[in-house]
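The two complexes that follow have chain A in common; it is paired with chain B in the first and with chain C in the second.
After this line comes the complex of A and B, so read on.
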């Protein structure tokens, strides 16, 4: 691989749909952690649940010749219903997780969410639900991507813009790029609006000290629940968009995914509007560059090609550690917050 | 306060004494932690529009009693009323909305929020605190402006106005106490409950804190506070309630309550004047 090729690959990561999907999941986590201080260690669970909800719904409609309860669905309606199911599942999951844990101290939410996310994954890949979820192989893209791709206004062939070539409509396509980043923009706008509203102020108060906010007459439990559900729904949307460029695969939404989301949120800066987006872009670009450079300069008898991926993830992990130690507020965080050191 | 207006003129200095116009009435409040009885209050009335001090030695149950009254803790049994309305099984938020706002022994300033945002959070009735309303700024901007004016007035009174854009975490300990008190006033409470307002405050600030508390009474706010500093209690309170081992052992005007033998026993131990040499022989 040459440098120009590497740079092109890295540049592609900057706006890839995967980057957008992770930015979205991180915006959701930003509602949890950045605004409210909730330690959600299971954002990947929300993503996976979202993609199951969408993929299974759309696959069922497709298998009944585009009919739902005997009513013929246009592609747009099918996509809308798929998204709706994904959102409803995320809401229910959030309510279920929050109901017992949000009355307790924050650590308990962390424990419950990490376990619940793993439960979603294990239920998904278990043989018992193979007909529904496809077991450990998941759901193939062609079973559920059809309606979304048919909505594309772009041509049904490879399209080259500048140095980047992608398909117009299918899988990781220009169409998906446009849709994903539009959803990211909307979510960022939502975060911006809400974090500067009285609602967001109560959440920040909860982050700083729950009892103080209680003593001022606010229903802390209700606010934490709203934040958990909203962030989870945004995570689920990220999951659906991710599956459009890949497939529904339970094992790609395990614990590492949750930690990547945490990494890129902290990298960009928690509680900031653009932190999750910048973090996601940097994270995925850096990964490609590290992988590419390692492939170029490290002889294969030192490091086999199959070891490159884990090696570069390890380097990213070290970077995260250095970042949290030396710049805990992230790239966009407010430096003044660092001086406040009361916890 | 002149003698004519003094609501305590005809009140007996006995535990559980009835008041002329009680804002809080507590009856049979009982809280145990395992085998330990933390609070066992038979009867207490708190006079409206006065400054009542709640004192007692360490471990007397003052803070626990505060927590019970404000909904932060639940008693095994007992009932208590605020303006005649029962507050049992009310959440802390509901208690605060009813008009009874508290502060904490360990100050709870919201560190990574600015001083002015701390103040705004204390306001009641901001519709923009509901999710869907928050999405439409025209629905809450006007109220926000009113809240901000009020917050600035209070900050000015508490001499924090020039700090309004600093993070609360950047304030000194004493300033945080002031901020917490000012924030509690944002919702126009009928009663403020101050848990050790003087703890950790330097002497220079003590004076202005005292003035603020007296000022509250003049504005018609009732104050109930827990304090260790007897000097302060004598200076500003109208009535003193003494707790020891969970019980109310004495009540009375600040000038005389410390003369009560039960109070002296509680503070110094019941046998402080017995000659121990007899036991040693």
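After this line comes the complex of A and C, so read on.
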């Protein structure tokens, strides 16, 4: 691999749909953790649930020749219904998670969310629901991507813009780039507006001192629940966008994925508007650069190509530790607005 | 300081055991037919299986034991009359034994997790990696295949006997506990880094360690012992030599830890720190050295658990501990966060539930069942079985 190729690959990661999907999931987590101080360790579960909701709905509609309850659906309507199902599932999951845990101490929420996310994954990859979720292999892209890709205004061939070549509308495409970053922009705008609204101020109050907010007559439980559900919905949207570029794969949405989202949120800066976006872009670019440089400079009998992946992910773990210890506010954050405290 | 064990807690644990026992008895009497009937059926089926096994062995003297086992399975499944009920009973008994075994192994790991939580307030997400580390290190020391260390282009064979390797691995794991405490957790505590922040650090550590282990050993299954295991058939229960040895070792370790916690000065001090660190410090207990001891103890126990788990599951891998981490948390939460004896009871409950649930649910959902229990427990009894009822939150 040469430097120019590596730089192009790294540059592609800056705006790749995966980066956008993780930025979106991190914005969701930012509502939980950055604004409200909730330790949601199950964001990957929200993502997985979202992509199941979308993919299964669209697949079923496609299998009935585009008909739902006998009404023929346009591609746009199919996509809309898929997104709607994903959102509804995320809302229900958030309510279910929040109900037992939001009255408890923070680390309980962490354990329960991580357990619930793993449960979603176990159920999804179980052979008993193979007809619905496709078992451990998941749902293939061609079963559910059709309607979304047919909406693309881009040509149906490889398109080169500058040094980057991608397909116009299929899978990881320019179409997906445009859609995902638009959604990210909308979510960031929503975060910016809401964090400055009276509602957002109450959430920040909950983060800083729950009892003080309660003594002002606010329903802390309700506010926490709203934040959990809203962030979860944004996470689910991130999951759907991620699955457009890949496929529905339960095992890529395990615990490590949640931890990556945490790492990139803390890297960019929690409780900031652009923190998740910057964090995601840096995270994925750095991963590509580290892998590329390691492949170039470390001899293969020291570090075999199969060991590159665990090696770079080990560095992610170390980064997370160092960030939390030495710079918990990340790059853009404000140390005074730090959500990590004891409760 | 509290009395040795809260009497109410003991009563509560007793009540739960009685309820579980009742449920099992009711289940076997109602689903498995009337009591006398089923016992007769068991003996009858036992007779058939044994005769068939012997005939099978007689017919083909070279048939390995495993095949004979297959034959008995077929025999019980196809035996006429009360056989279905019996096989159901057999499977229940078998699953309960498996569950207790698994629960004991889980307890080894979760007692340490609970002790760490109790003394430092840290929910240590990297504890699963300590479990895998013990097992992987034992493989590293014991295997006759060529192994290497990360970043060192040398391949060599160590090939120690399994027992020596296991002991060395436990000692080294204890050493990692000491190192971790000295260079990571103790400085963090001195800097007054919050518990939640420490928890996220442990998540980063877990992510780093699990990938380090994968880098070191690759993603495949690692077999600690290649010898073929002798299996015993005791009535309805089919148990292997390795399993018996694992159970004996884990019971011995757990008794040792209980004795240490209940009857030694250091153990009492540990429980005092767990109860109330500031009060313990004020009464002249060296909290820091207790915490150091707890880290060494917890990581060593986790390594023992990991090695025995590898023998029980016949193989280990870099993520063996990560897969049971949430079950450990479920056990610890079920028993009451920070209560070592609660973790023991919780582990047994989780182990039995996980194994028995495979009677009704597909086996790939057994971990999901345990996590479901965790969520239900938090709904109704967030302080766990043995936890004192206090406001958590």
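Methods note: the second predicted complex is superposed on the first by the 334 of 343 C-alpha atoms of A that agree within 3 Å, B and C clash if a C-alpha of one lies under 4 Å from a C-alpha of the other, contacts with A are read in each partner's own complex, and residues count from 1 in each chain.
Quick note on the criterion: a residue touches a chain if its C-beta (ideal position, glycine included) is under 8 Å from a C-beta of that chain, and two chains touch if they have at least 3 such contacts.
Note that the coordinates shown come from a computational prediction; the quantities given were computed from them, not determined experimentally.
Using the contact criterion defined above for the overlaid structures, shared-chain residue A:319 touches chain C, although it does not reach chain B. Contacts of A:122 after superposition on the shared chain: chain C is touched, whereas chain B is not.
In the superposed model, A:217 makes contact with chain B only, not with chain C. In the superposition on chain A, A:88 contacts neither chain B nor chain C.
A count of residues in chain A touched by chain B and by chain C gives the higher number to C.
In the superposed model, A:202 makes contact with chain B only, not with chain C. In the overlay built on the shared chain, the residue A:296 is in contact with neither chain B nor chain C. In the superposition on chain A, contact of A:112 is made with chain C only, not with chain B.
Once the two complexes are overlaid on chain A, the chain A residues touched by chain B in the first and by chain C in the second are 340-343. Residues 39, 41, 99-101, 103-108, 110-112, 114-116, 118-119, 122-123, 125-128, 255-256, 259, 262-263, 266, 299, 301-303, 306-307, 310-311, 313-325, 328, 340-343 of chain A are the ones touching chain C in the complex. Within the complex formed with chain A, the residues of chain B that make contact are 70, 72, 91-94, 96-97, 101-104, 108-113, 117, 120-122, 124, 126, 128-131, 133-135, 137, 140, 144, 167, 169-170, 180, 183-184, 186-187.
The touching residues of chain A, when paired with chain B in their complex, are 190, 193-194, 197-202, 204-205, 207-209, 211-220, 226, 230, 336-337, 339-343. By the touch criterion stated above, chain C contacts chain A in their complex at residues 123, 150-153, 188, 193-197, 199-201, 203-212, 214-215, 218, 322, 326, 329-330, 333, 362, 364-365, 367-368, 371-372, 374-375, 378-379, 382, 392-393.
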